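Going by the order they are written in, the chains are A, B, C, D and E; count residues from 1 in each one.
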Amino acid sequence: MEIDRVDGRTENQLRPLACSRNILNRAHGSASWSQGDTKVLAAVYGPKAGVKKNENPEKACVEVIWKPKTGQIGKLEKEYEMIVKRTLQSICILTINPNTTTSVIVQVLNDDGSLLPCAINAACAALIDAGIPLKHLAVAICCCLADSGYVILDPTKLEEQKMKAFAYLVFPNLILSVLPEGSLKVVGEPMEHAIITSVTQGAMSVDDYLHCLDRGRAATAKMSAFLRKTLQPQISSDSSKAG
Amino acid sequence: MVGLSLGEKNFIQGGIAQDLRSDGRKRLTYRPVSVETGVIPQANGSARVRMGATDVISSVKAELGKPSSLQPDKGKVSIYVDCSPTAAPMFEGRGGDELSTDLSVALQCCLLGGKSGAGAGIDLSSLIVVEGKMCWGLYIDCLVVSSDGNLLDALGAAIKAALSNTGIPRVLVAAGASGDEQPEVDISDEEFLQFDTSDVPVIVTLTKVGRHYIVDATSEEESQMSSAVSISVNRKGHICGLTKRGGAGLDPSIVLDMISVAKHVSEQLMNKLDSEIAAAEAVEDDS
Amino acid sequence: MAGRRGTNPTTYSPSLKTQKTRSTIFKDDWVRPDGRGFQQCRPAFFRTSAVTAASGSAYAEFGNTKVIVSVFGPRESKKAMMYSDIGRLNCNVSYTTFATPVRAQGSDRKDFSSMLHKALEGAVILETFPKTTVDVFALVLESGGSDLPVVISCASLALADAGILMYDLVTSVSLSCLGKNLVIDPILEEESYQDGSLMITCMPSRYEVTQLTITGEWSTPKINEGMQLCLDACSKLANIMRSCLKEATTTSQE
Amino acid sequence: MEYVNPEGLRLDGRRPMEMRQIRAEIGSVAKADGSALFEMGNTKVIAAVYGPREVQNRSQQISDKALVRCEYSMANFSTGDRMRKPKGDRRSTEISLVIRQTMEACIMTHLMPRSQIDIFVQVLQADGGTRSACINAATLALADAGIPLRDLVTSCSAGYLNSTPLLDLNYVEDSAGGPDVTVGFLPKLDKVTLLQMDSKLSIDLFENVMQLAIEGCKAVANYIREILLENTKQLEYRRGL
Amino acid sequence: MGLPDASGDLSSEMEVDAFRRLFPLRFYERHLAESIRPDGRPLGRARDTTIALGAVASADGSALAKIGSTTMLAAVKMEVMTPSMESPDEGCIAIDFHMPPICSPIVRPGRPAEAAPVVSKQLSDTISSSGMINLKELSLVSGKAAWMAYLDIYCLDADGALFDAALLSAVAALFHLQIPAVSLNDDGKIVVSEEDGGKLEKEPVNKEKRKLTLRSIPFSLTCILHKNYILADPTSEEEAIMETLVTVVLDSSSQLISLYKPGGAVLAYTSAVQDCIALTRQRVWELQKILDEANSGMEVD
């Protein structure tokens, strides 16, 4: 099937990825992540002493502040804050630093489609940069479904508007599980097949959704490889310094 | 916040029971009232009223506006009260908002009459310029500068004084305006309409301490009250509004008794205020 | 996406703003819009425990006036306030956007909140929950006139449902002065062209007035008459509320 | 627009170096520990001081000096157009901060550790120079409250319009958009403690204008001293000394 | 999970209520192992659901929906606006979800609940995604006037599955909505036509009261994922203890309108997703029936 994408990509092709970390001096961890023209900056502060509001003697607390490129914070930003927060909570090992708060500030630099997945990727990279203990990585992607039924990945803003429906999906990615086996595993399905987060908009059939899942999952393998590649050398240099 | 010792509390209560209050007054005597008018030159009318250590400023600003479609033959009056933090540190920031709203509501209830305008101190139909099209809106802003009890009475008196000080420019309506358009008007710089404030009621607050009630309570006395009833009475002796503060219940017969006492006291207060206002106006004219 | 909308455009309600002629009420044969007698209240309906999430709650329906009150607490005070050996009562009254005939934006009613507080504080035995706060939150689902009295009566029922100790139930009734007539428990339409109003809040068994508000011009005998009418209605209302509470306890025991 | 006419007179008839009439009154808020009313022409402010007293919010307590707080508010009727704006807008917050810093610098806070001093200034009428008037009123109120001060801070503003340095701008001159220099001055120590300027001005002109404002401050200081002296005499007299 | 042994030892000696408060997770897991929930429901069963149409007389359309004790009141008020330049033939629908302080102990006046804007956004996304309303039906005079439907949903009692109840009440209120009959008056304003029609109205724009044609109605089901269990329609207690939620919205023609899983500690495997969708299919059928019954009940009256 031939698909015309404005920028000449094939249906499975992602836009060029770029990630740089440790770009802010004052933050404990920071990263910027861009997919084509969509660019998000994330900063992590913490773990710091928990404030009274979200104090929990057993678990660490993650709070997310979403800063839009322009304008005021509305319902959309509140929803994104909540989704990013819950997604990050699921990958952090919260029991290590009980009664602390980790703040993640997500600053949108430019929005050209797939904004939420881009922000989740940036936040995840920033958490790694800050050295927050994680269970595994989270890799996010946007799948778009056109009227004719074909699926494209990582759409631009223009494509998002033209499409019938789209799904933001976040998948886990890990090499070695640090958690006890069995508590997460389901017979017959590897963990990479599960989803952390799913947000959809527009009507689609259930089969289309499952198709999106497959395609998104395949693409995230590439993204996570990229993420690991970008983060690896710095980690080794850090440890050599420490050593 | 008034922090009083047990002895002080007993002293105040005992004094009231014996009709001799801490500052030497009888139960139904007001503190000296002083009125100063024209204190805010930018406003159409203003007055500063002091009752003992209570000090309030009231200003009246008139703006042309459109009457509400429900009452096309009436002007609009609104009253706002602001408690300055100078009066008490607890009014800092938003701390004075609650009291401000309470006082605004009580003043509106006491001075502006019922929904249809019956019993209002200000004749709303005199504010109309062109029926259904244009009217004066009176914005009465009050500021509590210093607070030593009995704010409502002082504010009521200040509003009455400010209204007698108010001059509203005469408006000449240019002919030929019809239909939807706003009529063209010419606002006079020289000619002013004075208000007839003889109908504006005065507010008398009776504060119940122990078994007795007193007028013009100071803040120390107010801290000992069980409840207080503010009654606004006009020159005809009719009740124009009533609100109650304080949680303690009152027997209905006591309420009626309080009303008759308030009527009696209001006459004295009204006369005293009128003479003070006249004196203040005379001073202002001289200067 | 079709639901794309930026700032909402300005809108207006197409309802007819008919100028009610007040003159009709001066005629001798004037009848109330809902056909009640001048001294007849609307049928009152109460139900307790309307909200499970609250410590106590009540729903009240007087004609078209529908109100829910929830009581939370006694619980920790919201702000770190000064030590107090008596409890605090915190009241809030708000309206839904569709409660009034014209859709309203600002739904919080500060003035009603403070009136509700004044009406209740005398009846609640604050000494029984020192240092803590009892929150009384009211939501007017639909406004059909005499909103505040209904909120007050409903709130006292909710407090009783929450097991907060009170000296007595608090009931409240208002009346409107229309020309020479005194009509009790007015509906929205009557309130809009009233000459004066009188609202009484009382503890019927103790025969004590906790709150009284009068607007408009009144002569003393008329106040007398109005107060008596309201007090009688209050005690009738108290009976209805009491039977509602009794019913609730008997059904829960079964 | 012409702010200085050929005869050398300003819009309100003053000469360029002339201040508006100033008037002060001590003890205008009976319940406060110290209070004063200060007028500069049509600008009229009231300041009230509460303290030194116990710190209200424990977390703000400072162990070796007093906590100074300030709130600036404007009455609804203080300006020509009636307005109802929320409390704590940016301008009020900024002026509160300026007044607080200026006053804190001259209060001997180390003498009153673990205590709190509240300064509340209320603008009754605004006609330019509210900042200066507030500082002057606050100084008087602090002195009235008997709070130990290093010196009496006084403040005055000066501007530069129609190539003329002008002392003590009123509202019309203030809103002309020209440079506006506000100075806070400690007369005994002969030191400037507050200096603010909007718009731009060449360095040598700036010195002239600032010097003019300082002269204004000195004049205010003299008046304030007189008022305080008078007040003290009154107090003595009342005590029968 | 932290202290399985300690709780295990104590559980035999402790009262049920105390055990429930101290070890809520263990308490639930014991129930789940027996395939039953503390309120007596099987895992996949939703709570009793009722809909009452026309609960608010002052609104043009309204409904009260209850799922267990979660109660939602939704009402639509119609106002007139000038349509935007891009779509002169379309009206607009503004959806807002409120959590007044009465509904839950965590909401206090002056501080809106965190969940309220999120649910609000989810509702407007779902309703626009489903395409249930043809915005062209809300047009009055092309380019001049169109309806703005204000749909406000108030949560009266919050006990879990807020979105499900809110969507149900919103859909029911739109179902009940009757667009008033209006006409254009001389000033170019839209006014309600008078019943007797005695006045000389310029032109009736909307001659008689009419209902919207709803194309396909979306219904939703929220499930909790915990280990390998799927719990349909959670209460607020269950939501607080087990945090991973999946909300599936399907419309009457079984199209997937939304699959919403905002993070959470438990990962959703494809099989679990399919199970949730299957539960929702069943629930859609139930809800459709309840809505039809509520409607026929209205018509009988």
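The working rule: a residue touches a chain if its C-beta (ideal position, glycine included) is under 8 Å from a C-beta of that chain, and two chains touch if they have at least 3 such contacts.
What you see is a predicted model; the values in this text were computed from it and never measured.
K.L.:
Pretend chain C isn't there and tell me which chains still hang together through touching.
P.N.:
Connectivity check, chain C excluded: A, E | B, D.
K.L.:
Among the remaining chains, which ones contact both chain A and chain D?
P.N.:
Common neighbours, chain A/chain D: none found.
K.L.:
Find me the chain with the mean Cα position closest to the mean of all the protein Cα atoms on display.
P.N.:
So the chain sitting closest to the middle is C.
K.L.:
So which chain is farthest from chain D, going by the mean of the CA atoms in each chain?
P.N.:
The most remote chain is E.
K.L.:
Please indicate which chain is farthest from chain B, where distance is taken between mean Cα coordinates of the chains.
P.N.:
Result for max centroid distance from chain B is chain A.
K.L.:
For the chain pairs A-E and B-D, which is connected through the larger number of C-beta pairs in contact?
P.N.:
Between the chain pairs B-D and A-E, A-E carries more contacts.
K.L.:
What is the distance in Å between the mean C-alpha positions of chain A and chain B?
P.N.:
62
K.L.:
What is the distance in Å between the mean C-alpha positions of chain B and chain C?
P.N.:
27
K.L.:
Could you put a whole-Å number on the gap between the CA centroids of chain A and chain C?
P.N.:
For chain A versus chain C, the centre distance works out to 51 Å.
K.L.:
Using the touch rule from the top of the page, what residues of chain A touch 2 or more other chains?
P.N.:
Each of 201-202 in chain A touches at least two other chains.
K.L.:
How about chain B: which of its residues touch chain C in the complex?
P.N.:
Residue list for chain B touching chain C: 69-70, 72, 98, 101-102, 105, 109, 112-116, 118-119, 227, 229, 234, 238-252, 255-256, 259-260, 263.
K.L.:
Under the touch definition given earlier, write down the residues of chain E that touch chain C in their complex.
P.N.:
Where chain E meets chain C, its residues are 56-59, 62, 69, 71, 73, 75, 77-82, 84, 92-94, 96, 98, 100-105, 108-110, 124-125, 127-129, 131, 135, 148, 150, 152, 154, 156-159, 180, 182, 189-192, 194, 236.
K.L.:
Please give the residue numbers of chain E that touch chain A in the complex, ascending.
P.N.:
That would be residues 2, 114, 117-118, 120-122, 125, 129-131, 227-228, 243-244, 246, 251, 254-265, 267-274, 277 of chain E.
K.L.:
With touch defined as at the start, can you tell me which chain A residues reach chain E in the complex?
P.N.:
Listed in rising order, the residues are 58, 74-76, 78-79, 82-83, 85-90, 95, 165, 167, 170, 172, 183-184, 186, 189, 191, 193-206, 208-210, 213.
K.L.:
If we count contacts the way the header does, which residues on chain B are in touch with chain D in the complex?
P.N.:
It comes out as residues 39-43, 46, 52-53, 55, 57, 59, 61, 63, 80, 82, 84-89, 92-94, 139, 141, 143, 145-148, 219.
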